[in-house]
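Take a look at this one; I'll ask things after.
Labels A, B, C, D, E and F are assigned to the chains in the order they are written; within every chain, residues are numbered from 1.
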């Protein structure tokens, strides 16, 4: 199980970072979202994996480490806030700069591809 | 001292909230008065803490009455109180400056500024690594929003870069935290220091990974090479008063390095002792180099100042990696000085660019400024200070740092780099000053002069430099004591964890 | 204490000048001059004590942490310089009163000048070497201000910057040298340093120290090859030049050599560097001076040459060389100051300094001409004048030295050669200006300057003569006392007589005079030769150099800082890869000791779906809507994973956040292009994939390593205390609202700020309103499908009920304020989607900003509440009450805190989504054709 | 017995999820993909309930409830987007 | 047909009842405490959300409503079995069709309920309600409405329309008295 | 152990219907037909599993567990909406219906 879990984290990181390295804001936002999934899973894993040991007193014999769960909750909320901000910033960027390139300018070498497809 | 230690965090928070609520946020006069008042209260509270920290040992405040390592504690030592005082003072200056009109160029300036102060002060005071993350996020989100204040194209563009990079940074922060918790099972910085010293086997490598991941994040915040690339555009495109406030932001990264790599991965960390040093040392020097080239290459005063930030970061990080009391003490003096002087340079750049019309702050011929004495004189003072020329404050930090670094093996690299950097800054600033104040395309100055509020703030900030020289005895004594306190890891750990016997196991 | 007053008075003079400068000019000059005059009085008062061999000290604690005190020290050498600085300074004040024109700011001028004076006094009086450096730099700064006094002239700007650059660089070298020096002797105290000569000279760092300190001295005293700034410093008003060239600035370098003579001199290295530099400067300056057509230019190169001479003397290994050096310092100061003043008078009266234009002035200003001629003769080394005496001593010393071993004879020969040129240029100064035929077209005819403008020159020329004739009477005391301070011990016998009999030095002087005059008569040929050489304008060269550095660094910086976010991110990731990856190789075994859980098929399916979703997202990342759907699979599976691994709160949160995020992204996608153009080249994609997967592998490995190791954490405490100390059985929630409530407070603050920031971003947003979707389909006409509208309004109360349920149970069971808040918000968002913004806002006109603020306020006040019970901030409180019929009911402050969270979340989420939604109110998407 | 049945049902849902995934990947149209995702959401409810049965706990019930109550909102939002572009008008 | 309830503090009695029941269901408890809480919520939430409710017919025949509800439940089970058989069978034999059912109902809520019912019952998925609100001309009063449905396997269009109208629409008309 | 049998049968039935729903999603030739599986079979399958859970928890714990009904209620409310919105989107996108679908002309321009 552990190796499967770790592989999932690794693949999420890979996909997330690949998207983050794209040139347009939307894929980058998706990448950040994906990255935050990976990060949350990772942070969660710092309390190790447990089956049926929810940290609710009286509901099971043993309890999973509750602290990473609390940390992940905080991270999710903060991640949501940040994602929201960057999404809106992307819109603002498109509106202000006329394109959705992360640099605000479409590099010249791709002149043929410059036309935005809508 | 009771609950005083919470005030530098809670006061700006309360201020921000009140500024968003009906009676207080109603019109701009009330907003400004309230915001300034809260900044002042925060400053008073910070200074009270500062005074307190000179006479007492480290104060530990257990939030929620849960003591360390279980709950979150605020740790008020000399280092923290020094930095919150600096932050609060800078905030008061910036808020006052902005109250002359910049605050109305967009929504929520004052609440955001208060939130920023809350975040920065929180980051300085917290003794918990995850809580540090939370405060990082508070200050970051506030800074994102402030960055786009009085928005235009350039702000949007640089904000995009800044925000996205920092979001990736936050991810890495969390991974680092995860690794550290996964190995050490705790979040309290002092407790981590204890746990790190007990690690064996491959756990050491894992903890090292955690520590190095955090290093990258702090490096990004502090803007050390090669993670500095976002800074020049971001700072130079921000509204100058915001950029002035941002002068403290890179210092948060430096501060975190001081804390984490002195306490957790400091001398008692066994195999992991001083583990950041091999990375920080060369990078800090390269940072100085790149910042210096940036200063020389800058086409405008704001960009130049932004590059000065990079130099100051390189200098501070070099001090961090020296791991000596003296270097830390020098760095603390330098932090105060460079923060204030960089801030005032940004503010000066603001007035200069307004008065020079089309030429703005660019280093080309332009209209003469309307207030040559205050702006030119101010520029001279700030420039002397940042280039480390007497009689302004820069030279003390410079000498101290050189002195502190003279004993280490890296002197042979650091000294030439640092001295040549000083020289290049001198060249660049004299060139900049020559363009800005001496080379006129015509002789018609604008009749529009800066609001007295603005010039007063600038004068107040400028005055800090000579005052820091005159009272350098007191200040250096303080920073030296603060540095000693920081490097006394045993005392720190024992105080925070309330251990009465001495020594870390 | 009185010692301290010398620099303080001079500083006061600066203040007085800046205050009184706008009064009557004469008054201002007098008021300004009073202070240095008093200072001079103090110096004179102390003269007997110093002559008696005592060193006066005054010390104040300043920066104990760094071992830097504010301490002053008056010995013979310092006294000599104090006399020069104050004496000539006073004369300059008087002279400048008449020199400056009405439009020049007297206040500024005197203030800078007095600041400069203070800096110089500070240097010579410092007893702490760091303090010395401080004043040293201050001279650079104040001279910069003086040189750039007429900043509207390009030459002044450039000259000032160049002077600052060169002396600033030297200052940095000096600082480095002084710090090492301090390290060697263990103190910055000058007395300690001076007494530690042997220690210093035997130290391995001695060569470095010496070179650094000499760099400081040479740049300041314009020694070859650092001399080039000095001629351009004459863009300053002439009184400044007079001061700068005679008693200050350049003399600071010489002073430094003399000051550290006991500590640093006496080694071969010293003789070699100092001697040869001095020699080169002496020759070079003398030679070039001849070709300068500008009066001040000639004098400037003459200064360079004379400074070379003094340096050479300090670099000679004979017993009396130092004495000769000191004597020449005095003499040079006297005649050079007077010459500059004379040149200033000429410039002032004729409006020109070009010797090619100036001819036959003797007729118009005979008195001034006479004074200038005397001073000039002194410069040339004509007997009966002071210059002659020290030059004779110089020649004598060159004959006794052994600096160059078997080649030492070169020095007297070259010294004589320099003497030849000195005579030649002095002759030119006299002949070319005052005689040499009729004047060339100068109107109006020049005349003598105002009476008091001449007085300073008269005094100085008188001194030339008096010293020249009665050296013993005038300078013996100060010379001896200063020389002892330099040499560090009693001096050997020497005499200052005018006549030493026919000897070799006299012959050298004679040769110099004769050949010098000959060279002057044959100057045409020399001029022609010199003109054939390429001329270098130091100013242009400097500007070129600076501009090139600027250009090159700009190029270099732009290579890195190319505004490409992708590059920045790549570098960042590279750091992550290296720093996180390398330690992995340190590990002996990646897998830890813990037993592994088996992989069940359903888990494998879940993981497979998650991976498939992730891969689908990157495969379709250019078709955004599909990428969005794909990434939703990932989100869903992450929630399932949280369920699977015992984290119900996380699963709930993740699920609801997922829904809100999708809505947010849908809202955003409307304003963004629907497709991503193909931009990356294949190698680029490979590179990115390589980087991403490398980090993926690293993070995955770390995760695996972590998962397979045992953990002992602080969490047992939370499990043990959640119920008894926090009053809740959902430990995660108790951590959130109690143990780590401060985190949560920060977290909702983040959410609130984000909402504010987003609102800010959306104000005045210029809109892109696409009239059709990505494939060019026009939008459907129906805005609010009725089925959706009616179902969503029925769902609202149910959702609110569920929110209350989730909220209330949170403390004991999975749930809590955050999830409840998001449920409420989602239900409202559904209303927005189903009915539109206007419909909602006409029914529920809430100010989300206030809602957010109140939410955070409630949470904050809950925390503050504990202060009233003298408990730390955020201390929780709970109590169980027996309520009739109902039974045991728990009341807890955590509920109030969680309510704050709930309200903030509702406010923030709605503010974000609703303000984004509201953007399009009133702006119909354009109908497409 | 119940454990075996639960495992069997788990595999049925697993296959169902894979089938949904397949539809999501092959499309061909966007509505097809949305439908596939929505079905996946619904099937997840079953998965969670089943997990609760397996582990003999009702702690995960609320997660299932949440999907049932609000999972459709994102589907609706995406559909609205396809129809009108502007999901909040 | 009635759009407003008589009691001002209980404007939507059935909604309140629903909330009351749902609360008890959620908490799986009928303790005194929960009864009190359920009552409070059942009163306050409708008051809070009342403004979000478009005027709509109230259920005037609760008994019939219950009966109809059970009928629909039964139909759902049957329909699902039927559809499952269709799915497992050969797709080539299926006779898909779009059918337009004219509606007598005019209010949104009853139409919604009808459409939902149709969606869950044999072989049909409601596709659209015509005319869409945007194309209603204000001058024409109460246009004839249609429900467009998609049928998986259509045997007899008329019979289907008739079945829907009789089995599902008629009871709704009676329940809401409209 | 009667209850185990009942639960098992309900679970199996639920699982089968859910599976059929997804099979329908894959097997049917056009979007409109694909929609039928998930909106109906899946819903019924869910009901089966939920009732099974209800019975299971009612028996294994002391109290009667009825809250699973809620999930069913929500599904019954939301499933038609999802289907309705999807079909609207499909019509808007002019997705091809299977050849021979009757009444295509009844679809009006939206």
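Structure notes:
Everything that follows uses one rule, which is that a residue touches a chain if its C-beta (ideal position, glycine included) is under 8 Å from a C-beta of that chain, and two chains touch if they have at least 3 such contacts.
Not measured: the values here are computed from a predicted model.
When the partners of chain C are compared with those of chain E, the chains appearing in both lists are F.
The chain pair with more C-beta contacts between its two chains, of A-B and C-D, is C-D. Chain centres computed from CA atoms place E at the largest separation from chain B. Taking each chain's centre as the mean of its CA atoms, C is the chain most distant from chain F. Chain B and chain C have Cα centroids separated by 16 Å. With each centre defined as the average position of its C-alpha atoms, the distance from chain A to chain C rounds to 40 Å. Taking each chain's centre as the mean of its C-alpha atoms, chain C lies 71 Å from chain F. The multi-chain contact residues of chain C, meaning those touching 2 or more other chains, are 563, 565, 569, 573, 628, 644, 648, 669, 699, 706, 711, 713-715, 718, 739-740, 743, 747, 750, 753-754, 757, 761, 770, 780-785, 787-788, 791, 794-795, 798, 802, 813-814, 916. Under the contact definition stated at the top, the residues of chain D that touch 2 or more other chains are 13, 17, 30, 34, 59, 65, 69, 71, 76, 80, 82-83.
Multi-chain contact residues of chain F, defined as those touching 2 or more other chains: 21, 23, 35, 43, 65, 67, 70, 74, 77-81, 84-85, 88, 92-93, 110. In summary, the structure contains touching chain pairs A-B, A-C, A-D, B-C, C-D, C-E, C-F, D-F, E-F. On the chain D side of its complex with chain F, the touching residues are 1-2, 5-6, 8-9, 12-13, 15-17, 19-20, 22-23, 29-32, 34-36, 38-39, 42-43, 45-46, 49-50, 52-53, 56, 58, 61, 64-65, 68-69, 71-72, 75-76, 79-80, 82-83.
Of all the residues in chain F, the ones that touch chain D in their complex are 4, 7-8, 11-12, 14-16, 18-19, 21-23, 25-26, 31, 34-35, 38, 42-43, 45-46, 49-50, 52-53, 56-57, 60, 65, 67-68, 70-71, 74-75, 78-79, 81-82, 85-86, 88-90, 92-93, 95, 110. Across the interface of their complex, chain F is touched by residues 22, 25-29, 76-77, 79-81, 83-84, 86-88, 91, 94-100, 115-117, 119-120, 123, 125-128, 130-132, 148, 150, 152, 154, 157 of chain E.
Across the complex, chain C is touched by residues 1-27, 29-30, 33-34, 37-38, 40-42, 44-58, 60, 63-67, 69-70, 72-74, 76-78, 80-85, 87-92, 94-96, 100, 102-103, 105, 107, 110, 113-118 of chain A. Interface of chain C with chain B (complex): residues 61-66, 68, 130, 133-135, 137-138, 140-141, 144, 148, 151-152, 157, 160-161, 164-165, 168-169, 171-173, 175-176, 179-180, 182-183, 546, 549-550, 553-554, 556-558, 560-561, 563, 565, 567-569, 571-576, 579-580, 583-584, 586-590, 592, 699, 702, 705-706, 709, 711-715, 717-718, 721, 725, 738-743, 746-747, 749-750, 753-754, 756-757, 759-761, 763-764, 849-850, 852-854, 856-857, 860, 864, 866-867, 871-876.
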